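Below, chain A partners chain B and then partners chain C, in two separate complexes.
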Partner chain A sequence: MTIPPGLTQSQFDNALGEFREAVGSDWVFTIDEHIAMYKDYFSPLLNTDLQPIPSAAVAPNSVEEVQQVLRIANDYKIPLWTISTGKNYGYGGPDARVSGSVIVDLKRMNRILELNEDHAYALVEPGVSHYDLWLEIRRRGYRLWTDGPSPAYASIIGNTMERGAGYGLLGERAAAQCGMEVVLANGDVVRTGMGANSNSETWQQYKHGFGPSIDGMFFQSNFGIVTKMGIWLIPEPPAFRSAEVYVENHEDVIPLIDVMRPLRHANVIANSATASLNFGGYVEGGQGPGGGIAAPPGTPPPGPPGWRARLGFYGYDRVVETNWEEVQDAYASAIPGVSFHSDKYSAPYNPDTMLTESKLAAGIPSFQESPLWNHAGTFVSMVMNFSGETYWDFMQTYDAIYQENGLRYMGGPLHMHTPRSMMTLAGVPLSPSDPEMNQGRIAMVEQLIQASAEKGWSEYRTPLVFMDHAMESFDFNNHALKRFNETIKDTLDPNGILSPGKNGIWPQRLREEQA
Partner chain B sequence: MKKIIHTALTLFCLAPFAAGAQDSAMETGERIYLARCEYCHGEGPQKGGTMMLHRRYGESKPAVLHQRIDLLPEYIRNVVRTNTPGMTPVRITEVNEEELDALIAFLTRNNPD
Partner chain C sequence: MINRRLFLKTSSATLASIASINPALAKGCTGKRGTVIDLVLYDDRVDASSRFATDAKSNGSAILSIQDDLTEASFGQLQKVLTEQEAVIGGYTTPHAASYVLGLARDYQYQQVHFTDLEPELRQLLDDAGQKDALTAWVLAPMQSADSGRV
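Our next item is the complex of A and B:
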């Protein structure tokens, strides 16, 4: 059994007794069989003794129980690691960064506290998944759409705080957040934005509050435990067109992106658009015809070579049709050989008759990606200029590093969920049965992060094992941002109990140990 | 069976998420199946688990989980609680022990004696 660092077995036994008193003995997990459920099976550290092992997991069911857990952790100086549903796969799942941490599993807090059709929002607890919310909207027959990641078992709060991406009109998930309740390390409960007025009627309608907006501090951080969050929904559009733009040549990806940019800025393309390789023209595991792009194992059935962008058009019927026609004209005049496919739908929508791609753009939960998790891999997720030339440079830069490591660059999808920038996802294969190779791949990702930083590209989110590297790349003024984060961390959480190491933010106690 | 499940799914979408405390084990099991398993293992496109089981078994076994008649209780428990290819462990905070027993009763209901 692993115990928290710095504690004796008898101290830990006493702490466990207190945790059991706080949340009920059924909700404190310590046996190996249970601890194994709190392991990230996609970790690059899998099957090595470097992968942190939790000492226990506790599952509070209320804000009061969360406060009790924090009090006990402070008393014993036990590092905690908070998860909402623990499904942040590819980025760490339920894993902590410090071995011996106690996992705080918030899945039992799974209440949809409010669902407001008139003002188009929900107030949810951390255990509520995208799928749960979608089901509840349908159950009530509300004419609201939501949005979220795929697979849809992810927590709304967890995924939003990781700044995840959806595929529809609310694809920039962090931008759909409106109002939080946060339990600080000392047990104090803060409501952000207008929620700080106990009688507020706009907690979920007005984001900015009075004075500094503090919501952003709790994204990808370890400054508090978010126990409630407002999330914006969107009125069901009368019409919706799910569209695809196909280009034939590898180099066509440049105008594919550049034509999209002003249309995305102007909200003609209003959804979280994506672009990706059509793998059909590429050879599995080998070099592609266009520019050295290799299709990953498990390549989809053959289709046309080149690239495709996926777009969505929403609103009144005539607006949908006009926007789609304008977009086709823009692409047709810029790219010879471009072709289009689209499917039109009108309210009331029947998910059973919608195509898979259309469902994603309509925020209808998908689980199609689940089996893809069968293969092991890790991500590099870079934010860069919304520019074809930049993306071309990115592919060349990455392919060179992949080749140094005996691989070819695998073209991951591009996400345009933020309208003014572009996020690219590069996959790096791992093998659960080959920890030695995985160590090489970890070094390769560190090389990619470094090379990216030099180009001005930065990670928007990263697996646990790369968090310190990613934070180091934010180096302006002798890492002023990191020092600022540490100042806040030490002030709010002097015992350093909350998720130490999250996004490269370490509490003073552990910084000193590392020094 | 196809029709029953389809009806159940429709009802489920209209009925409260958390059904009454008087559920029989079978009803609880079906409710858990619909809430926690069906989205991957049910009928229709876009169901990751069904796609994967179809790849694994071809036509030799139904790919849709609730159509199987050969699932043994210990096998179900093991798949639910441990890491298997394509499916990470379902924790006790997601499906508790009582709910898992009910789910097993539902998934083994048509097994030959």
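Our next item is the complex of A and C:
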């Protein structure tokens, strides 16, 4: 059994006894079979001694039990690592950064506390998945849409806190968050925004509250444990059209992007649009791109069938039709050979008759993106200018580094969450049985992160293994952001118990050990 | 909490089933025949896994094909079974498929009561058989079921 760093077996046994008193003995997991369920089987460190192993997992069922877990961890200085229903595939799964951490599994806190049809929001606990919420909306017969990821069993809170994205009208999910409840490392419970007023009737309706907005501090951080979150939903539109734009040539990705930008600005294309190579998202026969395109040596440069953009149009029937016509006109006048496909639906919607391609943009749980995860791989997830030329430069830059490492980069999926920036995934294949090769791939990803930083592209999210490297690339004023994060960390969590190392934020005692 | 009786019973049943369909794995595996696994997940692309499913089906198990990941169909069936909190679920699948199911089952208060990685002899046999990355065997049981000693 792995034990937390700095503790004796006897001390840890005592701590486990206290955890059992706090959450019930059934909800403290210590034997190997149970601990194995908290392992990232997609880790670049799989089958090496470097992959962190948790010492135990605890599953509290309430805010009060979370507070007890924190009190015990503070008493013994045990590092915790918080997870919920989310899977975080490709980004570290449930792995902690420090071996011997106790996993705080919030799966039992799975209540939908409020579902408001009139104002289109939900208040949920961390164990609620997008699929759970979608089922509950249907059970109640509410005319609301969610905007989930694919696959849909991701935690709403977990995926939102990681700034995950959807494909519909609220694709930039972090922007759809409104109000949260957070348990700080000292056990204090804070409600953000209007929720700080105990009697507030707008906690899930007005984001900003009074004074500084602190919600953002808890995204991708280790400053607290989020136990409740408000998430905005979408009133069911009267009509919906799911559409695809096809271009024939690899270079056509440049106008595909550039034509889309003003249409996104004008809200003619209102959803979180995507674009990808038009052969299903990955190369058959590759070693496993894991979300991007990493083809083995010898793979020819990409040619037809080019690219595909996926769009969604929502609202009153005439608005939907007018916007779709505008988009077709804009593309037809800019790209020779462009073609279109679309499917239109009207309320009341029947998911059973909806094409798989349409479900994602309508927020209906789908597993369409699941094939991206078929193979072991890790991700580089870069945010860049919403510009065709920028993306072309990105592909050339990445392909050069991939070729240095015996691979090809042929273009990954693009997500246009906002009209001003876009995000792309580059997949790097791994092999569970070849740790030596994986070490080389880790070095390759670090090379990609560094090259990106020099170009002005930054990661929006990264696997655990690369968190320190990614944080180092945010280097303005000699890493002032990192120092600021550390100041907050040391103030809120002086014992450094909460998810040490998360997104490159280490508590003082572990920074000193590293030094 | 999983009790020892359940653990031993499901483990031995799984090992027996695996042994029955893969001679390379039979050495060192002991246990009585028969199954306590209500639902068996298998990979229909792999003969050994299909034989495992056939064997399990003849012993009364329901079976469900799964390849490397969850699909809308397999998720729907699995989610229903997991929600009911009654079935012991076993699999002889790729590690990726296993990791998806394990990750999902974790959220439905299921616990892993057996996996091949814990058996040194079996791990060696898997390596010898060149199947280190090919198939893995696992068994999941609902905590409530384990508490009650239903199996």
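In this section, the second predicted complex is superposed on the first by the 482 of 515 C-alpha atoms of A that agree within 3 Å, B and C clash if a C-alpha of one lies under 4 Å from a C-alpha of the other, contacts with A are read in each partner's own complex, and residues count from 1 in each chain.
To be clear about the criterion, a residue touches a chain if its C-beta (ideal position, glycine included) is under 8 Å from a C-beta of that chain, and two chains touch if they have at least 3 such contacts.
Nothing here was measured: the structure is a model prediction, and the numbers come from that model.
In the model built by aligning both structures on chain A, chain B clashes with chain C. Of the two partner chains placed around the shared chain by superposition, neither chain B nor chain C is touched by A:165. Judged by the touch definition given at the top, the superposed model places A:380 against neither chain B nor chain C. Of the two partner chains placed by superposition, A:247 touches none, neither chain B nor chain C. Contacts of A:425 after superposition: neither chain B nor chain C is touched.
Looking at the shared chain after the overlay, A:229 reaches neither chain B nor chain C.
Within the superposed three-chain model, A:37 lies in touch with chain B and with chain C [touch as defined at top]. In the superposition on chain A, contact of A:25 is made with chain C only, not with chain B.
In the superposed pair of complexes, A:433 makes contact with chain C only, with no contact to chain B. By the touch criterion stated above, A:470 is placed in contact with neither chain B nor chain C.
The intersection of chain A residues touching chain B with those touching chain C, taken from the two complexes, comprises 29, 33-34, 36-38, 41, 85, 87, 93, 105, 107-108, 127, 131, 151, 153, 356, 365-367, 370-371, 373-374.
Those residues of chain A that touch chain B in the complex are listed here as 27, 29, 33-34, 36-39, 41, 59, 85-87, 89, 93, 105, 107-108, 127, 131-132, 135-136, 138-139, 151-153, 352, 356, 359, 365-374.
In the complex of the two chains, the chain B residues touching chain A come out as 13-17, 35, 39-40, 44-49, 51-52, 55, 81-83, 85-94. Touching chain A in their complex are the following residues of chain C: 1-2, 7, 68-72, 75, 79, 95-96, 98-99, 102-107, 109, 111-115, 117-118, 132-133, 143, 147.
Note for the complex: chain A touches chain C at residues 25-26, 29, 31-34, 36-38, 41-42, 85, 87, 93-94, 105, 107-108, 110, 127, 129, 131, 151, 153, 356, 365-367, 370-371, 373-376, 431-433.
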